[in-house]
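Structures for review follow.
Here chain A shows up in two complexes: once beside chain B, once beside chain C.
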Partner chain A sequence: MGYPHTSHPKETPVLSQYFGDPGARSLDGWKQRGGYRALEKALGMSPADIVNEVKESGLRGRGGAGFPTGVKWSFMKPGDGKPHYLCVNADESEPGTFKDREIMRWTPHALIEGAAIGAYAIGAETCYIYIRGEFTEPLRVMNAAVKEAYAAGVIGPNAMGTGKRIDVHVHKGAGAYICGEETALMNSLEGKRGNPRIKPPFPAVAGLFGKPTTINNVETLAAVPHILNRGAAWYKGMSRGNPKSTGTKLFSVCGNVAKPGNYEVEMGFPFKEFLYELCGGPLPGRRFKAIIPGGSSVPIQTVEEAEATVMDYEGFIAQGTMLGSGGVIVFDDSQCMVKHIARLARFYAHESCAQCTQCREGTAWTTRILERIERGHGTMADLDTLLELADQMTGKTICVLSDSCAAPIVSGIKKFRSEFEAHITGKRCPMGATAAA
Partner chain B sequence: MGGGHAPGDTSHGDRGHAHHDAPYEPVFVGAVKDELTEILGRYPTKMAALLPALWIVQRERGWVSDSAMAEVAQLLDLTPAYVKGVVTFYTMYHQHPVGKYFVQVCTTSPCGACGAEKVVEAFLKHTGCGELGATSPDGRYTVIEVECLGACGFATPVMINEEFIESVTADKVPELLTQLP
Partner chain C sequence: MADVQLVNLTIEGRQVSVPAGTSILEAAKAAGVLIPHYCYHPSLSIAGNCRMCQVEVEKLPKLAPACATAVAEGQVVHVYSERALEARKGVLEFLLLNHPLDCPICDQSGECELQDYTYREGRAEGRSQEPKRFNPVEDFGGDVLYVTNRCILCTRCVRFMDEVAKDTVLNVSERGDRAVIGKFEGKDLTHPWASNVVDLCPVGALLSKDFLNKARAWELDRTPSICPNCTQGCNTILETRDNVVVRMRPRTNSEVNRYFLCDEGRLDYRWMNRTDRVEAPLVRRGDRLVAVDWEEALKAAALHLNGKRAFVLASPKLSNESLWMLSRLVEKTGGRGAFRVAHGPEAPLPGVPDLALRAERAPNVRAAELFGFTKSDTPLSALGSDDVLVIADHELAPADAEAVQRAASVIVIGTTLPEAARHALVVLPATNVAEEEGTFTNLRGRVQRYLQARSAPGMARPVWWSTGDLLAFLGERAGYFLASEAFAALAAARPEYAGMSYDTLGLKGQLLAGAAAPAEAARS
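Coming up: the complex of A and B.
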């Protein structure tokens, strides 16, 4: 679904309010819509007060891990005499996820404002926005907006005329899913191969250029100006009874669904209502078969599990999966699950940085086995091998790419075992699909 | 949309196989050198300007040759081997010349569920490339499959050079290609 589009009445548009409104892209347009009031306010507050307000709001990281943002910011020790850095993770590469793209395309100043507030709150004078290289339009829009913000003195050596320095630089990635992992992103920014680093040390101690660094997702930072303008209590109020998951969340919806696109709802929204009312349900004549609700790295849900899910951090966990990045991938009954799981494994094999043996070998090995099964050449023993490999690939590597490859394999075999068995016993794909070689 | 030079821009030296004997013409001279100087000011280390510098090379020459890597290495106080190690890590730097139009079709699962394979087939057929990664005999096209372009709700997204095109279906491919200059 393209833009502009009208929000569904059951959405709560906060971040997405101006999606599709080209007038919101310019600095003047942004100011007319209330922009940069929060930054002005923030620069008159103490960093500690900002951190506390964000802590109080309950805002958690929207990139996938869901770590409380205010707590993360509080790890940055003021007055340590070292340069601090803020990195914005705009490497949005998780299959199924395309929300940060829309924030940057339509409301670039929302990100700059949130990033500037974040930088000030953690004692950083420099912020780097790392945008994946394929996002050509977001890169153009963000570069233009940063230029405009410098020219207007919103950011720079004398941000908003307060004498405080806040530099913001856009850094273009060059094609690597792994650079969305925070320490890989820092290596990439430093001009290195995007290999994740062993932790500890954590970024707040030794991050970008070896200095204390905070890294936040685009959507997380875009929420910050709203919290400062309207207060932590207002933000916290947007939830359906779970104080651990607050605010609104952008969910990207794709795959076999009537109305794909981005939807913004309060935390705790019922997933069933979301899928059938907001997203319009399945395509005509089709039924949903499987849902991956949080980007391709989280366990697959059956339709029954999805329909019983409450859309917040704890709600997805209760139904055997995770909220992740909020990328909802929908497969209907025309789709071969073995083919899709094989394709996802191939994605991770392609994107493995190859540092860790379990990941380098495991992603490639599971891909070969899955593709063999899909072509009708598998054996029942292959299923046990896959599960054993997935076990070896989980919790044993520097980063979680390996775990991410294992998650859909384990949940797929567990929940759609009959499809795997039908490929093996029938020696062909019963759906007539063939995994790309 | 638009902007930047097409990968197939032949207005500079250093591209294609015909230039093996031609002397290397540095990329970073004049305004391009100034651009790099401005970029270096954003970072506390020279090394951090490596990805931006390689992007400039690709914009100016269409690909990143070994000679260009050596030039970048010298400018940033790195070794050519180090630069090559970085170039080869990332998928977007072309280590060989590509067609005038570099076509990337997303085929990761969400797009795969929406017919991306047929879009790939259509591009291969209508460009005359024949196979993935190959350049068409007229030098006009190179088609590759790419992993998730981050626009899954607009399946199938396709990139042609710097152009990002949403919701491409196999039947739209011939018209898309005719529209290219």
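Coming up: the complex of A and C.
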């Protein structure tokens, strides 16, 4: 689906069905489109049955890690005498990703419904929706929708008239990438500096305010009502052969591509068909050069690798990268990879929370080296240093921000080494004026 | 103690059993292996941010931060494996990226953990060609300077202020490599225990203004001592350079002060270096005090005391040994003893039970009372007209001066000769806490040793020594040549101290018979 909001025939619009339809924003409009039937049904079920249904559907986390949602919910032990919390991660700060934004803009009640079901399933009475600070429109829409849902008694102390309490609070972040990391998000919600916490303890044991907490991505929760309405088997059926990756996935496409936008396809959809048919291929006269398929934190693919990829969790891993958040960033042959990798590193250096040494210093150092190479002042030894630093920055810190900075550097140098060498030997950027874009 | 489940593991080939829940870092300490670390401190919460304590644990895919990883049965830990060393070498290179190599002008040099571990495990040369970050030095208030460029962001100082001092002053401001330690708006490090952040800082980022540029760490001689500033009895290290005390720092004692020392205590050492001292025994010849040898002075003092009652004004800053010997002088002459103790505001350290800068600003009030000296704001009010006033290093307030003038005969045993006691008949020079060996009894009844840190000026002697000799002239058996002998005699004579000796006291001290441990006292 590009803009205007018409789905490509090869898309499978489940979550994106009502994108672009202002009528779906209101509670009444949402109910007319089949909304809140799943919540009504869920509140009549036992939490364990809901968890099993979601487990059965094969739904996995859409935020990046791909952890099975039902299994995550089953970590929340019922009857432990402690308050439970559900956090909705609507921080969507991964560069290249803008799918949750559209869900919240167009179908806010889909998220409220999914969150209410999730909260009930994990024994939580309180749910926090943590919205990225820069998302002003989604924040306004979500606030209005939550107000409407409270007024209609859909949520609140007597949700849907069942006597069950489900409170939903919308919280606006201050605009920090790291607050999309689940434990940093919890610290931020608690009013502290958004620093990731050491795990263990995991959130299911001690999360928000030290209490058992589950945290889910917007897209994950928005899919839950559909699973309850149409059954786990239906959801599982939306997969092209890999039983470990089921359902539909929203991909946000941006960069040098004819039709950028959000596209919803079944798991296992061929990436080549996706790029050339749904997204309209490269701009006239251009060729694709590199793809970052899952948000800026995943390794860069060459176009050959991308064309051989099937779009599911395992399919991306088989081609040396990850599904991540589904933010597809496309580079064509007019782009300087050194410049873009340096820009990515700069982003991570800016957003590092400054806790771990490797991340605080490493992201900044790699940025400086990369920018120096871009300016034509690099040496061949810098490339080895970069790879060694990337190794020091991988798997050694509290969270994965420094790993995320290292991933595009390592894949970039490995796959586009000639561009780096051209900068070093030519003592300037070979792309010249075209790279200035 | 309740049943503690022990976990067995191997660290660097050494078998060790520690209670379940112990971190690998603490278990390694028990095995005699110091895992390099910066952010970890046993009195603070786990931050796990410096990543310096990474070790290799068999069967774990990633390196483990030893401070944040609990021990497990059968674990095999390699501290010095190639992978662990490589990772720590990497951390050190990152830490030195923006850290100026200004060790030659840095106060921390020589006692700097960044320096130590870099020499041990770091690279010989850094690879960075990029310019270093620069930030100006900031005054954090109190006694603390923040040299931003040297900071490695371990956050020990932030956590100390939050968790132990419970006064949220410091924070981490900014992100990425722009991050620095900041102060909250309108706040300063004025908490009475704030200077502990200087000790906690593993590098030269937080410095004491008092110690700034005073000495190099390797020029200092270090002596275990006890802070003489209040009744808490915090364990300290007196650091001297060329026989001058230049710094007092906390010495770890988990029963008393853990790792901490209050600001007032740590800065109260300059008087130990006073130069206006009595350096020789003096006796009055007409209107002059004349220097004589010890024997002549003691004989003169004994003559004045003969048949008279001694009124002993004894400083509560004197040692157990000295106070006990003075109490024997009181007993021998049928006299009395009294003292006054200075007061100041009490300042607890909230995060540590039963630790405070105490209102009574003297180290040995407990022993002074135990040995029969009367605590009074006007200690001389009971001075009899016929008494011989013995002033044992006690400070004289203006109100005391008149009573001292009134006394028929005055003997001073002291470090200095107070103006009001210029008419003394005999003056016996005494050593101060830095110049002698001795013990104090703190407010909870813990008897603790302190050692001699600098040489005594001239012919000055500990008060127990001169008083013991004086008693000998009065016919008592009281000749002791070592502080340990004086203490042994005290332990034999006083049931509260029964069984104690310098050997049993060690450097952590022992409680008086019947005194409750501070932890229990705090609980009750």
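Some points to look at:
The criterion applied here is as follows: the second predicted complex is superposed on the first by the 428 of 437 C-alpha atoms of A that agree within 3 Å, B and C clash if a C-alpha of one lies under 4 Å from a C-alpha of the other, contacts with A are read in each partner's own complex, and residues count from 1 in each chain.
To be clear about the criterion, a contact is a pair of C-beta atoms (placed from the backbone, for glycine too) under 8 Å apart; a residue touches a chain by one contact, two chains touch by 3 or more.
These figures come from a predicted structure and were not determined experimentally.
Taking chain A as the reference, the larger set of touched residues comes from B, when chain B and chain C are compared. Residue contacts after overlaying the shared chain place A:252 against chain B, while chain C stays out of touching range. In the superposed model, A:413 lies in contact with neither chain B nor chain C.
In the superposition on chain A, no contact is made by A:311 with either chain B or chain C. With both structures placed on the common chain, the touch criterion links A:192 to chain B but leaves chain C unconnected. After overlaying the two complexes on the shared chain, residue contacts for A:373 are found with neither chain B nor chain C. Once the two complexes are laid over each other on the shared chain, residue contacts for A:260 go to chain B alone; chain C is not touched.
By the document's definition of touching, both partners, chain B and chain C, reach A:350. Once the two complexes are laid over each other on the shared chain, residue contacts for A:363 go to chain C alone; chain B is not touched. When both complexes are overlaid on chain A, the residue A:171 reaches chain B alone and has no touch with chain C.
Shared contact residues of chain A with chain B and chain C: 176, 193, 350-351, 353. Residues of chain C that touch chain A in their complex: 46-52, 54, 62-63, 65, 68, 87, 90-91, 94-95, 97-98, 127-130, 152-153, 171-172, 174-179. Against chain B, in their complex, chain A makes its touches with residues 1-2, 83, 92-98, 101, 132-137, 140, 167, 169, 171-177, 188-194, 209, 252-256, 260-262, 296, 327, 329, 331, 335, 339-340, 343-344, 347, 350-351, 353, 436. On chain A, the positions that touch chain C within their shared complex are 176, 178, 193, 198, 349-358, 360-365, 368-369, 372, 385, 389, 392, 395-398. The residues of chain B lying in touch with chain A in their complex are 1, 3, 42, 44-45, 47-52, 54-55, 76, 78, 85-86, 89-93, 104, 107-110, 112-114, 117, 145-155, 159, 162-164, 166-167.
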